[in-house]
Structure formats: structure tokens, C-alpha cells
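Below you'll find the structure I mean.
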Amino acid sequence: MKMHRAKRVAVIIEAVMQRRLTDAMEAAGVTGYSVMPVLAGGGRSGPWTREGEVSRAGGMVQIVCIARPDKLDTLLSEVFPIVERHIGVITVADVEVLRAERF
Amino acid sequence: MKMHRAKRVAVIIEAVMQRRLTDAMEAAGVTGYSVMPVLAGGGRSGPWTREGEVSRAGGMVQIVCIARPDKLDTLLSEVFPIVERHIGVITVADVEVLRAERF
Amino acid sequence: MKMHRAKRVAVIIEAVMQRRLTDAMEAAGVTGYSVMPVLAGGGRSGPWTREGEVSRAGGMVQIVCIARPDKLDTLLSEVFPIVERHIGVITVADVEVLRAERF
Amino acid sequence: MNGFLDLAAANLVSPVILSFALGLAAALGRSDLSVPEAAAKALSIYLLFAIGFKGGAAVAANGLDRTLVLALLGGLVLSFVTPFVAYALLGVLTRLSPLDRAAVAGHYGSISIVTFVAATSVLEDAGIAAEGYMVAVAAVMEAPAILSALWLVARSGQGGRMDAGLMREILLNGSIVLLVGSFVIGAATGEDGLAQISSFIVAPFTGVLCIFLLDMGLVAGRGLRQVRGVLGPGAVVFAAVMPLAGGALGLGSAALIGLSPGGAALMTTLAASASYIAVPAAMRVALPEANPSIYLTLCLGLTFPFNLTVGIPVYVAVSQRILG
Amino acid sequence: MNGFLDLAAANLVSPVILSFALGLAAALGRSDLSVPEAAAKALSIYLLFAIGFKGGAAVAANGLDRTLVLALLGGLVLSFVTPFVAYALLGVLTRLSPLDRAAVAGHYGSISIVTFVAATSVLEDAGIAAEGYMVAVAAVMEAPAILSALWLVARSGQGGRMDAGLMREILLNGSIVLLVGSFVIGAATGEDGLAQISSFIVAPFTGVLCIFLLDMGLVAGRGLRQVRGVLGPGAVVFAAVMPLAGGALGLGSAALIGLSPGGAALMTTLAASASYIAVPAAMRVALPEANPSIYLTLCLGLTFPFNLTVGIPVYVAVSQRILG
Amino acid sequence: MNGFLDLAAANLVSPVILSFALGLAAALGRSDLSVPEAAAKALSIYLLFAIGFKGGAAVAANGLDRTLVLALLGGLVLSFVTPFVAYALLGVLTRLSPLDRAAVAGHYGSISIVTFVAATSVLEDAGIAAEGYMVAVAAVMEAPAILSALWLVARSGQGGRMDAGLMREILLNGSIVLLVGSFVIGAATGEDGLAQISSFIVAPFTGVLCIFLLDMGLVAGRGLRQVRGVLGPGAVVFAAVMPLAGGALGLGSAALIGLSPGGAALMTTLAASASYIAVPAAMRVALPEANPSIYLTLCLGLTFPFNLTVGIPVYVAVSQRILG
């Protein structure tokens, strides 16, 4: 089947920043994004878990965006300022997609 | 440690299609798959979230399958007809695995 | 934007082994990890789902760790003994990260 | 008329309706108030179990009315027929494609169990009795409309997907199974059973309903925020006219069957209500090309609030007037 | 005998048992009915808190029976000993590997708190009193059987994993801590405390139990759908014989200790029941090579329904007959 | 004094406080006991809805006290002013950076609704009446302190982020909307509304609060396990002194406003309590460089248990003594 190159940008970021980040992604012109839950984690600021939590502070989500390679730079430059001051990890990976016209 | 090449196929698809998709994967002879939740997202058909939803319609899941590279074509040709008419994103990435005999 | 090479190690493992695995990761000197839920799956031991489950036995989680390439070997050799006797899948993928000093 | 205004007023300032309004307002104002998905599902399990059980226990207490079979049959026919009315009405009022019209029509033939529950509360508060088996009629009305919708699509030349698997999914979907199952349990254990669990399924019922409607308001409000892009004025008119048309069919059937005024009000409500839980899921599988925003916004964003606020008091008052 | 048949009949048509049957049937019929994981866990927290608290409050009200220490000791011994019986019986009835036999044996030495709760309901409905501290006995019986299982494995030459970390996990697992903790709270706050929260932990209790058993039925049914591949006929026989054997040990201990007929019925039920929450989690860590499908299907798919339907009425009737 | 000791003793052996202690102990002992996130959120929705509704219904029953406006204004001022006191005190007692001091100060100016609920329970058990609208005062006090904190940061030269979006998020955050909304519903539907849902929001309230506090104990205990690395002795002293200082301000305002002794106890409790739900989320957005471990550990790990055990009985007793 005909595959096309694309980039998978995954941002693990504080849940309170979710809307600001997806707004930035939309501003960068991506065609879509998906938000996945993160249950727990650990890092330089110690371990955490969502168990029993009521407040949205202190949890993280993962936001995944599949984008055409030529949109990557715009995307990162929109997204980076938001992640910069916050706890968060950005990774970019090469993937292949079907139906390239969708991205 | 000895690593082996494999493919990571990730399908983000409507929750109502989950069983049909995993059936197709099994039909393609994969050794396993895992289903991960998706909380929210946005795309050409607008934003959505699972918050407060009772109906299974309108949510998505991510189904991940690690497969031997030589099984990729069979897998995609079983899976594609199901995703085709539905909202969904398929990505394929190169990964390395331990214990190749398991895939 | 300046990107740096890194490894994304993803371990799908039984939920009961979560703490033991993240302890091993910390012992290997990683800077962080994130735990994601897995809802359901299928493999050689048949299908399973978390729906309606009370016991922690029989569920799985995905633990993702972004690490510098030179830490990969230590990481895998700490992690492998734990996964070895248990149900689980380890994959390693190449990714690029911003802010390399964090890993 | 007085009776109607009293009912309508009592209904509008009830905690149940105001909780819905609160959710709606919070969502329209873009508050981050939200009920977790797991909690919303748990609440709906509670409501289905409680309403089914109470219906069954009522049947055990009052014996089987000879109209039961007629009512079940009537519900079946209503669910099959209403989609054709809705399809035609949509053809007049909107420019939706035949596919979208059929999908919407399927929702209006089926029922909204929460609307049914709200009508039950209104009847109870007004001290009007109703046949306990109406909850079984509700269960019977869930699925047939889906078949009518698929038939409409097939006739218009586009093929929907329908296979044995989907058929089983539709007939054994969770809400039908739970409603019928708890109805049977209630009928089997009767007053003794009810006595054992009434402080769980009767006493706190209205309060739980408030929280559930708060959540429905939040979800409906979220949908409504996107209404402008999705629905034209004709579709908005449809969302208020169709429940009245469906309700008229329901009331007519109830009169033919010989239901009590309370039972007729419930039958009217069922026919007037539109599904937004079971049918959308089936439609996504069977008619993936139909636009879900259209049917979800119509059913949950417009018709549901319409029935909750205006519809139910009308259905109760008219049933009383005509059959009382 | 009459007493037994009445009990058994009353038990079988109770909302609690029928809810379990509904879940079982829905899962076997492959309905998509399901209770969210978070809701199931919340229900189990409620049940543990309520049963622990009520037990503690009963102790505060009736004073400490001099048999308390004996009962706790008896429970400890039963939990240690029963796995050996189960292991031997499995050797006779099945061809399972020593490892799988040991893992299964650990489950049957431990207890199922939901089975215990169901037995408590049956006693209450039948108006039979029981010692309030039996819930503490239940807590004491959870863990020791795991050690016996690991000892059996070590003896058979295969090494299980057991370290200080796992030991702490087992002893401080959530259900033990919650059960013991709420027992202590109930004992400390007594009748006053109970009065403050009884409309939460007493009045709706049976109803909540129905929903929880609906969920257990769904989970058990899902497991049963795979039974054919996993269990031979010998194992199926074991699932019904072992509770009777364990129950006999429990009844004998109860008689020696001098428990009331009600307390003896609970002790019998505890000994007859098999864990499917705490022990499986411990076994996955300690004995990862043992096949979880075997012990989960046996405990949850077969023995749990057996005890719920046939077992409990037998244990209550026999305890009454012998000690009444 | 006697009154205080009685109150304190009754408070300490209440199921509510002991449930919190159980959670705390379980977490400190590293048990795996946990309440699912969805269940914890559902419980908090229940508590907010119930407390808001009851407050509104009380206002409907007793009429609007002429002190209402004064009390709302008093709450507003307290919320604005208290952060400055906290900021100064932190400067004396700790070596935290200005940024962290401002962030912490914002939490202490705002309120903890669970502490408020616990104080309400204590008053009810002691038979002391309080103004129903105090729940509206609580809602009013949530947000202003955040602005004071941001002003303190701006003054110290570091810029926090504050824009229209964040402002709306803060003012329309879920807990404020739910509290105010259900207060309005309670006021609109009055005694009739309360009668309809009191077996949901009144009868089981204390029991639900127990489970919620169990969860708070688990979360607080998890935080406390990391306290040594995060907080110096000065900060620990602050966590006990600040509630007393805030409480004194609250009591003074209550006296000026002319609240009843019960209302004054609630005002004191609000001023003494520190937010750990709404404010932390706002701070993460507005002041991402401030260390969340510091404010979460102080508010939830130290001040919350302090208020729950020692604080509330003191506030009630002192209010009674001075204004009674």
C-alpha cells in the first residue's frame, strides 16, 4: 500500500495547559491532534500519580499530532513557547501514513 | 542486548469500531495488540472530548500492534478496509524489539 | 529548531509490576518516565479488558521513557530482568527531542 | 390550561430541570466544569437499573394488564413508523442529504430513556399513576427505528453496513439488556425485592437524576456551541416540530391501546423523544458517512431540552385532558 | 431440610443474586453492557468500608466476645491449612502442573469478601444474628494462604519470588487496610458513629451490592466464555467440591471455637470462598509463570457463582442445624 | 474550655476525621489503597452540589438576612487581604523565594471547600445554627486571592502570566460554577426542592464525606512522604500559624458584620483554610516557575489536617465564646 512520510509530534505536558497547546497547534495549521491520558510519572520534580486527585493541577496529558514533514517547523515554533516555561517533554519521530491527503 | 527490527502500527479509530479492527488484526495473523484510551481530539470534523459522555459513539481509541516487518503488508490490507470508511488515522513506525520470537 | 537524537523506550507490562519497573528505570539513571493506561488487549494468552475489573491483576500499563542514546544499554539491562518472567513487550524507537540537556 | 401552566411551572423550577439548565449554562459559558466519563456511565447504569426494576415491581404488584401486549406491539410499530415521518419532514424543512436525513430519522424513531425518566418524575410529583410496564415498551422501542433508517438509506441507493454482528450489537446493547433485565428482576422479586433495595433505587432517585441531568446539560451545551456551523434554521424548526408530530402518533396509539392517562403521557413522551446514546453508536457503524454532528446536535442539543422543558408538561396535560 | 429449601429459594430470587445472573447472562450473550473500571473500584471501596464499619460498630455495641481471639486464630490457621487440602485435591482431580496447583491453592485458602457480604445479607434477611468481628476474621484470612502457596511451590523445586517488598504489598494491600481500618473506626465511634452514617452504609447497602454483583457477573461471564480452552472436567469438579471441603473445615473450626450459628455460617462461607482480587495480584508478582486464566476462571467463573447460589444457603442451613 | 474539649474530642473520634486518618496512615504506610480519580471527582461534585443546594434552600427558608451583602463583601476583602499577611509571614519564617511565597500566599487567601464542609458537619452535630448563605461567601472567596498573589509577583519584578483566558478560567472554574449554581437552584426551589432530593443530598451526606476524606487522606499522605525534601521547619510552623492568623481575621470580620456564632465559625474556618484544588491549577498556568510541591504540601499535607483536627473545634469554640 502506498505510504507517505510524516512526523509524529508527541508532547507530554501539564493537563492545565492542554487547551492552550491544542490552540497553538491549530494556529500552526495542523489537520488534527489527539489527547491521551497519562496516569503517573516521575522526573526531576519527583514522582506523581493521578490516583484520587480532584484538582487538575499536577496531572499531565500526552498530545499527539501527525503532521506533514514540511509543517514541522511551523508547528514546533508555535508549540515551543508554550511548553518552554512548563513541565513537559516534546518528541518528534518519523512515521509513515496512508492517505497523505489528510495531513 | 540483541535487538530486532519490527513495525509499530498505531490506528486511532472510533471506539465503536474497536472489535471489528482487532478481529481484522487477528485475521492478519498478528501475535497481539493493545488498546489505549484517547481522551479528546480535534480534526476536520471539529473538536471532541469524552468528558461526561455516556454513548460510545463519538469517542476514539488507539490500537497499537507491534508486528514483524514481513507481516506489515497483510496487516495493512486487512485493516485498511475497516478504517477506510471511518474517521481514523493509521501510522507505521520502525522500532526495535527484544525477543523477536514473540512477534 | 535544534533537535537532538534520543531513544523512546516503551514497555507494555502488567500493572502489578509498574513500581518495580519504574524503580529499575530510576536505578538505570533515567531522568524521567511516564505511565499510560492500556484498556484492553490480546495476545497469545487470549484477550483481556479492564472493564469492570476490581483487581489490579490482569491489567497492563505502558511505561514510556525518553532517554539519551548512550543510556540505552544500561536502561535495557536494568529493565529486561523484570520484564523477562512477565507478560510484556519492549520497543525502542529513534526520536528527536528539543532541550537535550533534560535527558 | 391552568393544569398545564401549573405543571409547566412546577416542572421548570424543579431541581431536575434547573440542574440541566446549570449544566447547559456552564458549557455555553465555557466553564471547565465536567463530570468524569466513568461517573456519567455509572449514573446511567443506576438510572436504567432503578427505572427497570421499579417498572417490574409495579407489574408484579398490579398484575399484568391485558393491554401489555398491545402496548409492546404499539411501541414496536411506532418505532418502525416514526422514522418515515421524520424523513419526510426533514425533506420539507431542510436540504440535508438523504443519508443524513435517514440517520436523523432513525434517532427520532428510537427513544431517550432520560426523557422517559424525567416524565416519570413529573407524573409522580403530580400524583398521576401509570402502567409499570411502560419501561418495557421503552426497551422495545430502542432498536426497530434503526432498521427503518437503514431501509431508507438502501432505498435511496446508498448502502449502509448491516450484518449479523451489528444486528446482535443493536439488540443486545447495554441499555436494552439492563432495562429489560432489571425489569424482569423487579417483576420476579416483586414488593419484597423492592423493599430490600428501595432506599437505593427509590429514595435517592431524583437527586441522582439531578446530577445526571447536570452532566447531560454539559454535554448538550458543548454540542450547542457548534450548532451554528452545523444546522440551518429548517433543522432547528424540525427539532421542535418533530417531537410534537411523534408525540401525536404516540398519543393516538395510546388512545387506541387503551392506556391510562399517565401511561399515555409516557407513550407520548417516548414517541416524542430522540435517542442520543444507543442509536448514534449503531449509526457510526452502519452509516459512517452520515455526519454525526447533525444528529447529535439535533437530538441532544435541541430536542432533548425542548422535551424536558416544554414537551413533557404538554404531553402530560394533553393526555390528561383527552384521556383523563 | 425445609428451612434449607426456603433459604435457597429466597436466596435465588433475591435482587442480589438475580443481578449477578443478569451480568452473567449479558456477558455470555456478548452484550456490550459494562461497568466502568473506576465505578467498579468505587463500589468495592464502598462495600469494604460499609462492612468493616458495621462489624466494628457491632463489636462496640455488644462488647468483645471472649471468642474473638480464638476466631482470629482459627481464621489464621484455616487460611494457612486450606491450601494444602486444595493442592492435594487438585493433584487427584486434575493434571495441572505443581506450579498451577499451588497458585490455585493459594486462592482457595484466602477469601472472597463479596461472598462474605452476600452471606451476611442472607443472614440478615433470615433474621439470624452473627458476631460483628467476623469481618476482622475475614481480613486476617486474606494473606496467610499466599505464604502456604509459595511454600508449596518452593517444596516442588520451583522458586517463586518473595521479598520484603512483596510481603509488605500483600499485608498492606488496599482491601485489608480498608477492611481493618473501617472496622477500627466502627469500633471506636460505635453506635454514635453508625447513627451518623447509617443512611449511607446501611440503608442503600443491598442496592449497591446488586450493582456490584451485576458487574461481577459481567466479569465472571467474560471469563467463562474462555473456560473450555482452559479447564478440564476435573478442574470444574474441583470448583464445586473444594468449597464444600473448605466449608467443612470452616464449620468444624467454628464449632470448636464456639461461634454462634450465624457466626459459624460466616466462618464456613469464608473458608469455602476463594479470592479473586487480592491473591491474583500477589500471584502475578510472586509466581508469574503460573497461568492466571486457570485460577481466575476457577475462582471467579465457577466457585464464586457456586457459593452465591448453592453454597451460602447450604452453609447457613447446616450451621443452623448443627449449632442452632 | 470544657465546651472546646468536648467539641474537640467529639470531632476527633468522628467517622469523618477517622476516615481521613485512615487514608493518611495507609498512604504513609505505602499501602496500595487508592480511590480512582473519576470516583474522587464524582464525590467532589456530589459534595459541592449538596452543600450549595442546602445553603440555597436555607436562604429560601429563612429569608435573606440583611447581613448577606456585608458577608459577601467581607469574604471578598478577606480573600484579597489574607495573601499579604501570608506573604509577610512567609518572609519572616522561611527562606522561600518571593515567587514561591506569593504562590503559597494565594492559596491561603482562597479557601478549602472540604474544610468548610467539615466545619458545617461539626456545627450540625453540635446543634449550632449558621447562615445558609455562607456557602455563597465561600464561592466568593475562591478567586480574589489569586489576583493578590499575581500582584505580589508583579511587584517583586517577576512577571506572572495573566490574560483574559486565564481570568475566565479562574472565575468560571468548575467548583465555583457548581457551588453558585446549586446555591441558586436551592434558593429557587426552596423547601419543596429540598424535600425532593434530601434523601440524596442530606441523609447520606456524612457517609459520602467519610469516603471523600479517606481519599483526601491518601492524597495528603502521599504528599507528606516527600515533605522532608521540600519544606524547612519554618514552613511547617507557617502551616499551623497561618490558619490561626487567617482565622483571627475571619473572626474579626464576622464580628464586624454581625454574623451569628455559627456563621462566624464558618467565616473563621474559610479564612483559616487554604485551597488545594482550584488555586493550584490556576497557579500552574499563571506562575509555572513556582514550585508546586511547596504549596501542595503546605496546604493539603499540613494545613488541611491541622484545620480538620485542631482548627475547626477551636474556631467553633472561640466563635461561641466571643459571639455566643
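By written order: A, B, C, D, E and F. Residues from 1 in each chain.
Throughout what follows, contacts are C-beta pairs under 8 Å (C-beta built on N, C-alpha and C of every residue); 3 or more make two chains touch, one makes a residue touch a chain.
Everything quoted here is computed from the prediction, not taken from an experiment.
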Path length in steps (a step moves to a chain that is touched) from chain C to chain F: 2
Computed distance of Cα centres, chain C from chain B, in Å: 18
Chain D and chain E, separation of their C-alpha mean positions in angstrom: 40
Geometric centre distance via CA averages, chain E-chain C, whole Å: 34
Touching two or more other chains - residue numbers and ranges from chain E: 32, 34-39, 41-42, 199, 203-204
Multi-chain contact sites of chain B, meaning residues that touch two or more partners: 36-37, 56, 93-94
All pairs of touching chains, each written as two labels joined by a dash: A-B, A-C, A-F, B-C, B-D, C-E, D-E, D-F, E-F
Complex interface listing, chain A residues touching chain C: 12, 36-44, 47, 60, 62, 73, 76-77, 80, 83, 89-94
Residue numbers on chain B that touch chain D, as the complex places them: 14, 16-17, 20, 45-46, 49-58, 85-87
Sites on chain C touched by chain A in the complex: 1, 3, 6, 8, 18, 22, 26, 31-37, 61, 66, 93-99, 102
Residues of chain F defined as touching chain D within the complex: 36-39, 41-42, 45-46, 49, 53, 168-169, 172-174, 177-178, 181-182, 184-185, 188-189, 193, 196-201, 203-204
Touching residues on chain E, where the partner in the complex is chain C: 34-37, 40-41, 44, 161, 165, 215, 218-219, 222, 226, 229, 276-278, 280-281, 283-285, 288-289, 291-293, 296
